[in-house]
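Starting off with a structure, shown below.
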Amino acid sequence: MKISARNRLKGKIIEGTKGATTAHVRIDIGNGVIVTSSITNEAVDELGLTVGGNAYAVVKASDVMVAVD
Amino acid sequence: MKISARNRLKGKIIEGTKGATTAHVRIDIGNGVIVTSSITNEAVDELGLTVGGNAYAVVKASDVMVAVD
Amino acid sequence: MKISARNRLKGKIIEGTKGATTAHVRIDIGNGVIVTSSITNEAVDELGLTVGGNAYAVVKASDVMVAVD
Amino acid sequence: MKISARNRLKGKIIEGTKGATTAHVRIDIGNGVIVTSSITNEAVDELGLTVGGNAYAVVKASDVMVAVD
Amino acid sequence: MKISARNRLKGKIIEGTKGATTAHVRIDIGNGVIVTSSITNEAVDELGLTVGGNAYAVVKASDVMVAVD
Amino acid sequence: MKISARNRLKGKIIEGTKGATTAHVRIDIGNGVIVTSSITNEAVDELGLTVGGNAYAVVKASDVMVAVD
């Protein structure tokens, strides 16, 4: 499946925490940058996400803000 | 201002395109990774965003999906 | 690519309108239901979206609200 | 109340799961299509959402991505 | 229609600007606070939004970040 | 840090509830208006959010819908 989301950041899962319904997954995209994602527990199970596995952090362009110092 | 958004990816603006109301800004966050953001033209002006300037791509964790090959 | 987004609604593109930077794509998911998507012009080009083509409307669960009459 | 969100998919609630703060609600919009929504527990209570009740899945167009096989 | 979105801020439209596909609508919610919304041109037409009219700015709780100075 | 998000509503935290992974924070922005935010527990800790403290509710324009009665 190819998706319209402009941002697909390749990395490795370094942490996964399931809550009651919502999980947090952290992906190391290299260069010292960690991306945190909040998804359903169900998605974690369906994709078989595990620490150490390869994964992409995917973000729609309209969900990206810009900031300056 | 410190913000709750979990993802603040530091980089340099490499492209900015204004549309009628909506602009696209591309930020090189290093390691060959480009992040595309869709924000208002007004925000581009207010922050004084210009190609070559330093900027962060900021994303709330609940807007990050995870994908696997 | 398998994505964590819980909602992948299969259908056929019935309309596509490009603006200056942002496009609107409408997908008929059957049963008389049309889903409207707002994505970048760039994504329309990259995915080669055209009227009559098959496509999925993809939505993260945290972007779905519930309403009652 | 009439809302600007372009997508209002009518259906019936088939499942509701409350977590500590966040609930998952699944709506059958017909034709074999189930939409999953992640909302606050508080909203579930306020709207009186129950399995078997009629409901709409509501999504803003800018939160809809497009994918192709 | 009652919606699950936790935030419905009542005000008056003070400005509306249509782009090629995307419109910006500004709502004065009182107390000197202006909220800016980016929606489709189509929604502006369907709701008949005009400067001076009453309107609500509606935001899902998961789209609200928190910041501190 | 200056951010592109168009909406930064100043107020005071009146309630905070942590779930397993996701917290709800309510901010009184004055004039009787309460804004509810759903963020990670981690963000609550990092920003040191506490009831009675000053805070902003921050929302990207593309996440604001408009509704009329």
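Just so it is clear, A, B, C, D, E and F label the chains in written order, and each chain counts residues from 1 on its own.
Everything below uses one rule, namely that contacts are C-beta pairs under 8 Å (C-beta built on N, C-alpha and C of every residue); 3 or more make two chains touch, one makes a residue touch a chain.
For reference, the UniProt names are A, B, C, D, E, F = Molybdopterin-binding protein.
Owing to the predicted nature of the structure, the values given are computational and were not obtained by experimental measurement.
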>> Moving step by step between touching chains, how few steps can get you from chain C to chain E?
In response: 1
> Could you state the distance in Å from the CA-based centre of chain B to that of chain F?
Replying inline: 21
>> Could you work out how far the Cα centre of chain B sits from that of chain D, in whole Å?
In response: 29
>> Please tell me the distance, in whole Å, between the geometric centres of chain A and chain D computed from their C-alpha atoms.
In response: 23
> Cα centroid separation between chain A and chain B, in whole Å?
Replying inline: 17
> Of all the residues in chain F, which ones touch at least 2 other chains?
Replying inline: 1-6, 8, 19-20, 22, 24, 36-40, 42-43, 47, 56, 58, 60-63, 65-69
> So how do the chains connect up here, line, ring, star, complete, or something else (other)?
Replying inline: other
>> Output every touching chain pair, sorted by label.
In response: A-B, A-C, A-D, A-F, B-C, B-E, B-F, C-D, C-E, D-E, D-F, E-F
> Any idea which chain E residues touch chain B in the complex?
Replying inline: 17-20, 22-24, 36, 38, 62-63, 65-69
> What does chain F use to touch chain B in their complex?
Replying inline: 1-6, 8, 37-40, 42-44, 46-47, 56, 58, 60-62
>> Quick check on the complex: what are the chain E residues that touch chain C?
In response: 1-5, 19-22, 40, 42, 60, 62
>> Which stretch or stretches of chain A touch chain B in the complex?
In response: 3, 5-9, 24-25, 27, 29-31, 33, 35-39, 43, 47-49, 53-69
